[in-house]
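Next come two complexes built around chain A: one with chain B, the other with chain C.
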Partner chain A sequence: MAHSWLFGFTYFFTICMGCLFWNCLHHATDSDWSVVVRRQLENIASLIPYFAIFFIPVLASAGVLYKWWSMDPASEPLLAAKQPYLSQPFFIARAIGYFVLAGWVAYSLKRRSISQDADGSAAHSLVMRKFGIGGIPVVAIAITFAAFDWLMGLDYKWFSTMWGVYLFAGAAGSSMSLLVLIVSALKRRGYLSVVNLEHYHTMGKFMLAFTIFWAYIGFSQYMLIWYANIPEETVYYQIRNTGSWWYLSTFLVVGRFFLPFPVLLLQFTKKKPKLLCAVAIWILFMQLVDVYVIVLPALHPSGIAISPFDLSSLLGIGGILGWLFFRNLKNSPLYPMRDPRLGASLKLTN
Partner chain B sequence: MSESTTAAAEVSLSTPPELARVPLVQNQRSIGWITDKVSKIVEERTPRWWWVAFLICSPVALMGLLCIGYQISNGVGIWGENKTVGWAWDITNFVFWIGIGHAGTLISAILFLTRQKWRTSINRAAEAMTLFAVVCAGIFPGIHVGRVWMAWFLAPVPNMQGIWPNFRSPLLWDVFAVSTYFIVSVLFWYTGLVPDLASLRDRAKGRVARFIYGVFALGWRGSNRQWRHYEMAYLLLAGLSTPLVLSVHSVVSFDFATSILPGWHTTIFPPYFVAGAIFGGFAMVLTIMLPARLLYPQVDDLITRQHVDKMAKIILLTGSIVGYAYLTELFIAWYGANPYEKFTFFNARLGLEGKGWYAWSYYVMMFCNVISPQLFWIKSMRTNYVAVFTVCMFVNVGMWFERFVIIVTSLAQDFLPSSWRHYSPSWVEVLTFVGTFGIFLSLFLLFMRFLPMIAMSEVKIVTPEADPHHTPHGPGAVANH
Partner chain C sequence: MAEYRKVYGLGAEFDSAASLMSAAETVRDKKFTHWDVHTPFPVHGMDGAMGLGKSWLSAPVLIGGATGTLIAALLTFVPSWGIYPMIVNGKPFDWRVLPAFFPIFFELTILFAAFSTVFSLLIMNQLPKWYHPVFNWDQFKKATDDGFFMVIEARDPNFSESRTREFLESIGGKNVTLIHD
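Right, the complex of A and B next:
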């Protein structure tokens, strides 16, 4: 049950962090194109502080999730060597740090953006740019160490320097996919008419870019661990490549890269919102599989054992987040109406 | 929902002055002006400074070639390597140069795909630099095989002895990656050159020049159909080059990371090497472009402070990514708690307990690559040419040291203290490396003399005049500036 919760928690956390990344990137690079879709990124990213609440069950079940949690460092030299990093107070302090830092950036960006809706002042853009630039290292550090703490720590003996980058790669691609879906859903109901096919094309290109990037990072990590064949590193893939996990791992590789890659490569796909939405749903599903393959083998090393809690935690966390999202949606215009770059965004051509 | 039909009326389509974009070509230069000023660089008499520079660089290049000849005739034994440190300056120099060769294709291909229009005035020179850097890089593994006349064994050519290359070795992947990269980069560079070569052909006064430029312009007439084909070819080559930019340095990183040597085997190597390559490459582009801009003040309106500012930002970004990788490596070395890994990072590299023979090089690397680019957080520093040039020189040094740190510190003090050996380069190694700078700079000087160092046709496309809706004296002109 604890693992199921962590699975649902991680899935939504990566997506929300990905949205924060895209929002920061938009401001840091002073982009034109993303103005019309930015409010939705802000809405999703502003859910980050709620993860502090969803983290409480993780913390409560840390003893089940993390073997090191209840171990005495004196009894295990490897754990002793990892002190004070793998200690309960520092673990909690770090988690608070991630939520506070990332939440603060997300909240500040959204607040400024909404203030701009009122007065249309360019000064807000300049402040948001500063937050965006500062937000990128915040996202990088928070994702990296959250990945180390919550996922790599499932086996305290295992390590990989690529781990943070791997989580980021999945987060960025799947959050862009979620954006496509939300924008499409709003368009379908007659809102967000400012988003046109050129914006879809751009979002599709980013989905493609991060499909490739995920594969590149995933392959590099796997290949280097496989090639060097050092037992303390291969243990991660050994579990996931044996028994029934092997089928799911193979499905992940095929489904996260080999299927969407050729489809997204075509310009046709990126300019057909319905098709792009189908690919987006697929990528979000594959991100689910990815997180599942990361978390659940820690509980069932011998093979897949699906539990109803996997689904219920997913629906529970997703449902609450969805409810919060829809509640917030109506509190602000659906796009930053008076952003000075809105005109340029409307005129986007690829 | 607050979106309403009246919302559109509130939308202001004009940009407030604080957010106005600076035009890429300054002083509203016309299309004819651009052709004229860039072509003049090639057409006018060779300036005196060029001869001075060439007469300095070419003997250095020659010295490098002589060293290579000397090395080939005497064998790799004349280098400073020993049984423990089997790789040192040779591979350091290879990775250094191949890294520099990444900026050009990044600017041309990735920035093209992401529609970064500012790339147009620097891409040509950066691509040329890429090619020359890859030439310099190729020398080192080439001569390191010892018996260079056997280098063709690297290619999977069926031969009488039935010898096949070891496909499982990343060193062989290097051969394929680097050669593919070089070929595609040449094609990409040449494709981009065709319209400009035609301009030079049309302007050439001498028959010989007209003939030579004419041959290489491939009969370009600038017709609609030719432009359509050209743009499609350019896009496809950009698409092909992009994975190559990422793959080459990833494969180079595999040379180290597939091993089990502490300090070499770490999974973050591929993206970290790619970021480092772009970082070092941009620094080298600026190292060359800033003096070139000084020597040709007529291109000031094309390579503006805005360009330098943006490149400085990329240096800051990639430098910080490299810093992230260094710190992640240090953290995981500690977290992984492998005593050998810990020794390499904390003793051999950081010099804790006074055990690091080459710890100084680690600090040089850290300072140059991570600390010095942080200066670019300050806007006035990014547009100050002296500051930018200084940081770029630090980065050039730092990126060489990065490879030296990775290669030599891991090897010299390996698992078994009794096999530890110091390494110092022999004069042949030093002079060969210096010689590659001569080769690189001589080739670049020749490029500046004979080919347009700014992609004229591409710069013209980003001028407001190129916009079909542009009206020189109408409101459009204001909106575009």
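Right, the complex of A and C next:
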């Protein structure tokens, strides 16, 4: 049950952090194209503080999830070496740090952006640029160490330095997919008519880029561990490549990269919103499979054992976040109406 | 001695990028086929105004990339499974050793795709080219500074020295000049 909750929690946390990354990137690079879709990124990223509440069950069941939580470090040399990092107070302090830092950046970016809707002052853009530039290291550090703490910590003996960037690669690609879906849903209802095919094309390009990046990072991690063949490292893939987990791991490799890659490679796909939405749904589903293959083998090393709690934690966390998202959606205009670069965004050409 | 040189086309100068762009739209709509514009800097949207459509560059890049993958596959599979099998790091001989070859697939795919991109670009732009008739037109030196030019070639089926000259003047062209080859 604890693992199911961690699975649902991680899935939505990575997506929200991905949206915060795109939002920060927009300001740091002074982008034109993303102005019309930026408010939706802000809306999703501003859900990050709520994850502090969803984290309470993870903390409460830390003894079940993380073997090191209740172990005596003196009894295990591998744990004793990691003792300064894997200690209960530092673990809790780090988690608070991620939520406070990322939440602060997300909240400030959204608040500034909404103030700009009211007064149209370009000074807000300059402040948001500073938050964007500072926000990228915040996202990078938070997602890397959160991945180390909450997911790599499932097996305290195992380590991979690519772990943080692997999670980030999946997060960025799936959050861009979610953005495509939200924008399309709003357009279908007749809102957000400022978004045109050129914006879809750009979002599709980022989906393609992060499909490739995910495969690049995932394979780099796999190949180094596979080739070096050191027992502490290979244990992660050994569990996931034996028994029924092998089928899911293979499905992940094929479904997360080999299927969407040729489809997204065509310019045709990126200019057809319906087709792009279908690919976006698929990528979000594969991100789900990715997080499942990361978390659940820690509980069932011998093979896949689907529990109803997997689905219920996913629906529960997703339902609450969805409700909060739709409640916030109507409180602000659907795009930053008075952003100085809105005109340039409307005239986007690829 | 009178010179008998072939007529290359008619050149016209425009005041600004915007007036050149609207002129290009008119020329496109008049169904001219052999013509070009010359500006000191890239003008966004000019490809649409000229009716150029999508470039065919992606096809050679795909073919180049696929060739690279194939060559990488031959370079790795043929020696390690066929002509010189060797056990490296305790890895097996069968398909399970595939991950070790992925970096080679990746690098050669990129290398060949990049080569075909560069060479296709050179072919598409007809480069390198040491001579072009527009250089016979003194005014054209401004094309690298502040001049916006349009040249309609004589080989265009719609070309006529007098009517095309009137047409270029009617769409805002100045200093309309006959360019010789």
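In this section, the second predicted complex is superposed on the first by the 350 of 350 C-alpha atoms of A that agree within 3 Å, B and C clash if a C-alpha of one lies under 4 Å from a C-alpha of the other, contacts with A are read in each partner's own complex, and residues count from 1 in each chain.
Definition applied: contacts are C-beta pairs under 8 Å (C-beta built on N, C-alpha and C of every residue); 3 or more make two chains touch, one makes a residue touch a chain.
The structure displayed is predicted, hence computed values, not measured ones.
After superposition onto chain A, partners chain B and chain C are found to clash with each other. By the touch criterion defined above, A:T161 reaches chain B but does not reach chain C. Contacts of A:A305 after superposition on the shared chain: neither chain B nor chain C is touched. Looking at the superposed arrangement, the partner reaching more residues of chain A, out of chain B and chain C, is B. Using the contact criterion defined above for the overlaid structures, shared-chain residue A:Q267 touches chain C, although it does not reach chain B.
By the touch criterion stated above, A:A185 is placed in contact with neither chain B nor chain C.
Judged by the touch definition given at the top, the superposed model places A:Y227 against both chain B and chain C. In the superposed model, A:M337 makes contact with chain B only, not with chain C.
One listed stretch of chain B collides with chain C once both complexes sit on chain A; from 91-99, 361-369 or 469-477, that stretch is 469-477. Comparing the two complexes, residues 223, 227, 229 of chain A contact chain B in one case and chain C in the other. Partner chain C is touched in their complex by these residues of chain A: 219, 222-223, 226-227, 229, 267, 349. In the complex of the two chains, the chain C residues touching chain A come out as 44-45, 48, 54, 58, 89-90, 99-100, 102-103. On the side of chain B, the complex with chain A involves touching residues 1-3, 7, 10-19, 115, 243, 246, 250, 254, 257-260, 265-271, 320, 324-325, 328-329, 332, 335-338.
Interface of chain A with chain B (complex): residues 30, 78, 81-82, 85, 120, 122-123, 125-126, 137, 140, 144, 148, 159-165, 191-192, 212, 216-217, 220-221, 223-225, 227-230, 232, 329-330, 332-335, 337-338, 340-344, 346, 350.
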